[in-house]
Amino acid sequence: MMAETLIKVDLTQSAYTNEKVHNRWHPDIPMVAWVKPGDDFIVETYDWTGGFIKNNDSADDVRDIDLTIVHFLSGPIGVTGAEPGDLLVVDLLDIGPKPESQWGFNGFFSKKNGGGFLTEHFPQAQKSIWDIHGMFTSSRHVPGVQFAGLTHPGLIGCLPSKQLLDIWNEREMGLINTDPTRVPPLAAPPFGATAHMGQLTGDAKAKAAAEGARTVPPREHGGNCDIKDLSRGSKVFFPVYVPGAGLSMGDLHFSQGDGEITFCGAIEMAGRVHLKVDIIKDGMSKYGIKSPIFKPSPITPNYKDYLIFEGISVDEEGKQHYLDVNVAYRQACLNAIEYLKKFGYSGAQALAILGTAPVQGHISGVVDIPNSCATLWLPTEIFDFDINPTAAGPQKFITGDIDLPLSPDL
Amino acid sequence: MMAETLIKVDLTQSAYTNEKVHNRWHPDIPMVAWVKPGDDFIVETYDWTGGFIKNNDSADDVRDIDLTIVHFLSGPIGVTGAEPGDLLVVDLLDIGPKPESQWGFNGFFSKKNGGGFLTEHFPQAQKSIWDIHGMFTSSRHVPGVQFAGLTHPGLIGCLPSKQLLDIWNEREMGLINTDPTRVPPLAAPPFGATAHMGQLTGDAKAKAAAEGARTVPPREHGGNCDIKDLSRGSKVFFPVYVPGAGLSMGDLHFSQGDGEITFCGAIEMAGRVHLKVDIIKDGMSKYGIKSPIFKPSPITPNYKDYLIFEGISVDEEGKQHYLDVNVAYRQACLNAIEYLKKFGYSGAQALAILGTAPVQGHISGVVDIPNSCATLWLPTEIFDFDINPTAAGPQKFITGDIDLPLSPDL
Amino acid sequence: MMAETLIKVDLTQSAYTNEKVHNRWHPDIPMVAWVKPGDDFIVETYDWTGGFIKNNDSADDVRDIDLTIVHFLSGPIGVTGAEPGDLLVVDLLDIGPKPESQWGFNGFFSKKNGGGFLTEHFPQAQKSIWDIHGMFTSSRHVPGVQFAGLTHPGLIGCLPSKQLLDIWNEREMGLINTDPTRVPPLAAPPFGATAHMGQLTGDAKAKAAAEGARTVPPREHGGNCDIKDLSRGSKVFFPVYVPGAGLSMGDLHFSQGDGEITFCGAIEMAGRVHLKVDIIKDGMSKYGIKSPIFKPSPITPNYKDYLIFEGISVDEEGKQHYLDVNVAYRQACLNAIEYLKKFGYSGAQALAILGTAPVQGHISGVVDIPNSCATLWLPTEIFDFDINPTAAGPQKFITGDIDLPLSPDL
Amino acid sequence: MMAETLIKVDLTQSAYTNEKVHNRWHPDIPMVAWVKPGDDFIVETYDWTGGFIKNNDSADDVRDIDLTIVHFLSGPIGVTGAEPGDLLVVDLLDIGPKPESQWGFNGFFSKKNGGGFLTEHFPQAQKSIWDIHGMFTSSRHVPGVQFAGLTHPGLIGCLPSKQLLDIWNEREMGLINTDPTRVPPLAAPPFGATAHMGQLTGDAKAKAAAEGARTVPPREHGGNCDIKDLSRGSKVFFPVYVPGAGLSMGDLHFSQGDGEITFCGAIEMAGRVHLKVDIIKDGMSKYGIKSPIFKPSPITPNYKDYLIFEGISVDEEGKQHYLDVNVAYRQACLNAIEYLKKFGYSGAQALAILGTAPVQGHISGVVDIPNSCATLWLPTEIFDFDINPTAAGPQKFITGDIDLPLSPDL
C-alpha cells in the first residue's frame, strides 16, 4: 500500500495559492491535516523560493529575489495526542525530488541582497544548476565533479507557542536594535506584506502575519537548521510547543556541505518527503531537551577519503581574532578554494563545490588561545580526477571555458 | 628491522634536562637529529606538562600547574633537502603510549588558571584518570563508558622562520593590547623564565627564550591544532619555513573529542610516534598552501551510531548572538551534558566524556541570520548501556557514588 | 528533465503479453529499444514470477508455482556501437519498487518444487510479506526486525552469442546426464512450452524457445548472480557477446542476504531501474575479463555491528567433508538460526531474516584440511532489541504468536 | 600499569624448548598459567612455523619445511571458574609483532608439500617478505602495493575434552580412509614424532602425542579458523570443554585476505597478544552455541572502494560443477589474477596480494542451479596507482624486473 500524500504542491502554480503552505512561524496557523502516532505519510514541498529560481543560465533571479518571501513550508500537520512538553519522533523514511523536476540550484546572493559566508570574496549574484540522475548529481556549470546526494530537509520543525514566539521576536529585535541601519540587517524581523499564513484569512491572518517569526534562522524548535545529516533515514526528536505539534517542513536539499556556506543555498529543490511520526510523552523534561536531537541515517554516502584543510582564527588580512570559529572556518574554506583553483576551477566553481558536496566542517579546537582551529573535509572521490597533492604538482584538468553565470548588481 | 628511536625521553627525569626537548617555537633552536626523505623513525615524547600531572585521585596538580611550562615537544628534527616553500609530507605510521606508562589524564583548569570552553559552568579544577588497555580506554572516575582510542599528536609542526615568528608575536601582542589586564589573558606572550630552548645555552638561549612563541595556539605551521583526526595512519603536508624544516611534536592524546573542550585536555599521555618523512619541492606555491592539509587514516574507530545534539547561537542566558559558532557549539555541548545527567552522570563526568571520547563537532549552519547552528555528535556505542531516547524515559544506570576529584581554588 | 522510461510494465496484465519482456536467453531475441553510449533511461520490471506470488497470508502460491516460467526480464536493450569483446559499463543510478506496489515477498520452496539451501530443514512451502516504507522494510510475519534496503537487480546481463549459448547448453546437459532422473534436477534445461521470447513469433520463436537457456543460474555474462552488492549506485562492467550488447534485467530485490539462501528468494518485487550505459571498446581482452566485474555503491546501509557465526565443513550429522565451503556456510546459517530461536523466533522466521536482511557470507578459510570455514555476519542493529550474548542469557522478546504461513505439500 | 606478560617466547631459541608452547590439541596438556575472569594479560607467540621461515630471498625454506611441526601455540591458559558448557569471552585488546621482529612472510607451498587453493596454477614453492611499518606493510617482492594491517590470530581456541578429541580423530580418519594413499592426504592425522605437548613429559607425553589432534583444521572450538576479522578489538565467545577452559593461541597474521588462499599463509609473524577474559556461565546451552561466535572490532581498515570479481562454478577447463562455492571462488580469484597481470604483475605477485591484503571473499549465490556465485573484493586503495578499468585500457605500472623467489622441487 502506497502511503497517503497529505499535502500536494503544483509547481506550475504560485505557492501563495496553496493553503497547505505557509512561510512564517505562528501558533495560529491552522493544521492542514491530522495524523495519528505510528502513521506514515507523504508531503510534497516547493523549493524554498516557491519556484522563483529557474533552471536556466542566468543569475538574474538570484540577484533579484525578494528574500522576504521565503521559506515556503508544507504544513502544519497535527498529530493527535501531542501536547506541549512531548517529543515528536519523526522518521524520515525517504526524501527525493518531484518526478517532474529532476534538478536543483545553488547560488551566491549579491552582498546587497543577503550575501553569504564569503560575500566579501564573492560579492555578486551567481548560480549553478545541478541535474539529478537517480542518486547522483552533476552540474553543467561545474565540470569534473559528481556525487551521491545526502538528501535532507533544510527546514523542519513544530509550531512555536505564543510564549516562545514572543521570546524569539524580543531577542532578535534586541539584536537588530544594536545596529538598526546595518545592511544586511542583523536579523530578519516579522514582515507582514509577503507573509503566507496557510489557511488563515482576514484579520486573523493580518494579526498573525504581523507577529509571525521569519523562517530564516534555526531556533529551539529546529526550523532552518540546514543540517545535512538530517538526511533520509534519520530519526529526529522535536520539542512540542502546541497541542497537536504542528509539524512543517520544506527547503529540501538534494545535497549540501556543512555550513551551507553559499546561502542560496545547498542544491535546492522541490520534492517530497515520506515520514512517520510518533510521540514520547513528556519527553522534554524526561531527557532535558531544549533543542532537537537526532540519530543519523543507516544509509548515507560512504565517501571516506578526504583532503582536509585547516583554518585558524587569523583572518585574510592577517588580523588576530580571539577563539573565533567562524573566522577559522572561513580560512579553511578559502584555503580549499585556493587549492582547487590550482586544478583549473574558478573561485566561484570551487565555492559551489564546497556549498553542495557532502563536505564536512569540524570544530577542531576551541580552547588554545587565541586561535580556534576549524577543518574543512573535502571528499576526494567526488572528482573525476585525482586532487591529492603529489611531487609532480597539480594538473589543470579543468580547462576554464565554463564558469558560473554572474549577474552584476544593477 | 626496527626503526631507530631518534629521541628518547626518561619519564623519571625532568623534561628540562632533556636537550632534545623544547617548549617554545624559535628558528634558532638547533636540530637534534637529521633524517633523509623516505626515512622512517621513532620519537618519544613527554606528556604536554612534562609529567606534572600524576596518576592519582587529587586535582591539586591541575589546579596548581604553572601553564607557562607547556608544551614539552620532542625535536626539532632536520630533514635534509627541505627548504622554505617546500611541503614536508609526514606519515604517522603509529602512535601509542610508552610501555611503562599505560594511562592518561583529562582535566578542567580552574577559571583562575586557564579555564576552558565551559569554565563558567565548571570553574574549579577537576581531573579524571584514564587507563589504557591495548586499543581501548576506561576511567575509574567515569563509570559506564569505554572506547577505542583515536590516537594523535595534539601538537606537531615545523619551526617558524624569524619573519613568521615576528608576525606571530606582533599580531598576538596586538590582541593582548586590546585588553591587557584581562584574566585570563587574550593570548600567551613570550615568557623567558620557563622557556626550554633545547640545545641552546647562554646568551643565545636567553635571546631566543625572550622571543620564542608560546606553543599554546595553532598557527600557520600547524602546531597545537588538537585535531583528533591527525591520528595514526594519517598523512600530513606541513609548510616548511626554515632549511631542514625542523619538525617537532608532542602533546600526545590517546583520544579526544572535537574541540578539546576540556582544555586539560584530551586523554593526555607520554608516548612514542613512528613516522616517515618526505618532501614535495616548492609545494606551498604549487598547491597554494598557507596552512597544513592532511588525509585521514585508513584505520580509525568505526563508531557510527550517534546521538546528535543541536545548538544555536542563543546563549544560556537567552541572549541572541550574531552567527557565532562558538556560542552554538557551547549550547550543543551543554545540551548533551544535561541529557547525560538524566542517566546519572554528574555534569563533570559528562563533560569529561565530551572531552575525551571521539565526539564530533560539526559546523552545521553559518548563514541563517542571526543563528549559527552547530552539532555535537555523541557515539552511542561507547556506553555500557543504551542512551537512546525511548518512550519509557531514561534509566539511571550510573549510581552517582563516584565523581571526578575536585580541588577548590586556594 | 526526467529520464525516459524505455520499457513499461503493467502489473495488472500477464507478463507474457508484454513484448518487451522475455524469460529465456537467446541471441535471436530482438532488441526492444536502442540507446547510445552516455544515455540514461528507466526500465520497469515485473517481479521474477511475473506477479504469480501475491500479497496475502497463504504460501499456496509458493508451493504451486511452475518454476519454468521464470525469470521475466525487461529487455533486451541495444546500445549503438557495442560489439562482441567490448565491456558494457552500466551505472545503476537508482532502483526502487513501483509506486503502486510497495511490498515484496520472501519464501521457501517445497523440497518437491525447487527446494533451497536448507531444504532438508525447511522442506515445505512458506512465505513472508515485507512492506516497503521508503528506504526501510518490515514484515507482518517476522516481528521485531526492520532494516534499510540494499536494493539491487538479482538478474542483469547481456545476450549470449549463439556460440556461448551452445557452450552453456552443452555443459549443463552434461551435468544433468550424470544423474538424469534426480529430483530436483541438477540443472534447468531449455523448455519451450513456457518460454517468452519477447517480440519473436512463429517459427523463429519456436526455434529460439527450444534452444534458449533458462535464466536460473549465473553464467559468464552475469545473469542471475543474486549479488546483493550490485546495488543502486554501483557500476558494472559486462562482457558483450552480440552486436548491440542486448542488456536485460529483472528479478529486483528490495534486500537480500549473501547467498539468497531462501531461494524464493530475496525480498522480491516489481520495480524500476534507472541506469546509464557506456562502452569500453575491446575491454574484455584489454583487462582479461571472463565474467563481469563491478564497483560497489557509495551509498549502502552502514550497518557495522555484527554478530558473526562460524561454520566448518562437518555437516549436521557429524560427517566430515573435505574443504567444502557450501557445507561450512550451511553450518554457519544453522548456527545463526539456533541462536535466534533463543530469542523466541521460529526457525522459519530466523531463516527468513537470513534470506532478506543485509547478511554477509564470507569465505573465511579454504586451505586448512579437511575443514573449510565460513562465516555468516548478522547485523545486530536491524533488531528492535539487543541480540548480543550477555551473562544474563537471552530474553524471549518474540512471543511466538505469529509465524510464517506454511502450505503443506499436496 | 602495564599488563603482565604471562608467556614469553625467545625467537632465538627453538620453540620445542619452550614449555609454555605446544603444537597439538589434547586435554592432558597442563595449564601454563591461571588467570581470573576480568583479568587482562599479554601472551607472546612464535610464528606458526616456530621460526623456520627466514627473512631472506629464497623459497627453499617454504619448499623444505616439515609441516608436521605446526602450529606452535602459546598456552594453554587456565581461567578460574570456567567449566564445560560455559562460554569464554575473549577481548582481543591488541595484537602486534614483536618489537625485534618487524616483518612477516607469505608463501605458496609446493604441490608436493601442502599445496594450496591454486596449487594447480602455482605448483612450486614461492615466498614474499613483508616489512611492517607501524600500522602498514609493504614487500620488496611485490612492488606498488601497501596497506594497513587487519591483524589477528590465525589460530585461537580452548582445549577439547577427551570425548570431543575422540570425535575429531574418528571423523577425520574416516575421511582419510576413503582415499588413504592420496597425496596430499585428505586430512592430517595425529603424529607423535614431532609433537610438542607443552609441560608433558615421559609416558604421559608419549600417550598424548599419539592421540593429540593436529592443529591444521578449524573445528568446533575455533582453532585454526584463519578468519581475518578476529582482529584486534574484536570480542570472541569460545565454547569451553575442560575445567579452566585452556585457551591457546598462535599463528599471528599481520594481514590476510578471506580464504587465506596462499596457505603459507597470510603475512605470518611472531608477536604478542593483549587479551582480557571473562565467562558466561552455561552459555553454550543458553545461546545454542556449537561453534564460536564473535563481534568485529570497532577499529579496522576502512578500505571501501573495491573492484569486485565474480566467479561461477564452471571450472577453468569449462566443466560444470553443481553449486560448488569452492570452484566459484577459485574462478573469482583466477579472474582477479588475470586482471592484475594486465598492470604488469606476475601471477605469483597477484596471488600474493590476494593472500595478504584485506581482500573479501563473499558467498554471493548458492541456490541458482547449477552455478554458485562467489565474489572476490579487491580494495583499490592499497595500490600506488589506479587499477580501475578505463576506456584507455590498463597501463603497465609494474615493470616486471622483480618477482617472488621460487624454489623448484628437488
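As written, the chains take the letters A, B, C and D, and residue 1 is the first residue of each chain.
Basically, contacts are C-beta pairs under 8 Å (C-beta built on N, C-alpha and C of every residue); 3 or more make two chains touch, one makes a residue touch a chain.
If you're wondering where the values come from, they're calculated on a predicted model, not measured in any experiment.
Undergrad: Could you name all chains that are in contact with chain A and with chain D at the same time?
TA: The shared contacts of chain A and chain D, listed by label, come to B, C.
Undergrad: What is the distance in Å between the mean C-alpha positions of chain B and chain C?
TA: Chain centres of chain B and chain C, defined by C-alpha means, are spaced 51 Å apart.
Undergrad: Hey, how far is the Cα centre of chain B from the one of chain D, in Å?
TA: The mean C-alpha positions of chain B and chain D differ by 39 Å.
Undergrad: Chain C to chain D: how many Å between their CA centres?
TA: Averaging C-alpha atoms per chain gives centres 32 Å apart.
Undergrad: Two-or-more-chain contact residues of chain C, please, as numbers and ranges.
TA: Touching at least two other chains: 302, 304-305, 381.
Undergrad: So what shape is it, when you link every pair of chains that touch: line, ring, star, complete or other?
TA: complete
Undergrad: Any idea which chain B residues touch chain C in the complex?
TA: 302, 304-305, 381, 386
Undergrad: Under the definition above, what is the set of chain A residues touching chain C in their complex?
TA: Within the complex, chain A touches chain C at residues 1-3, 40, 92-94, 99-100, 102-103, 131, 133-136, 147-148, 232-233, 274, 276, 297-303, 381.
Undergrad: Residues of chain D touching chain C in their complex?
TA: Those in contact with chain C are residues 87, 116-117, 167, 171-172, 174-175, 184-188, 216-220, 222, 224-229, 237, 258-263, 280-283, 286-296, 304-312, 314, 318-326, 329, 331-332, 335, 338-339, 341-342, 360-375, 388-391, 393-394.
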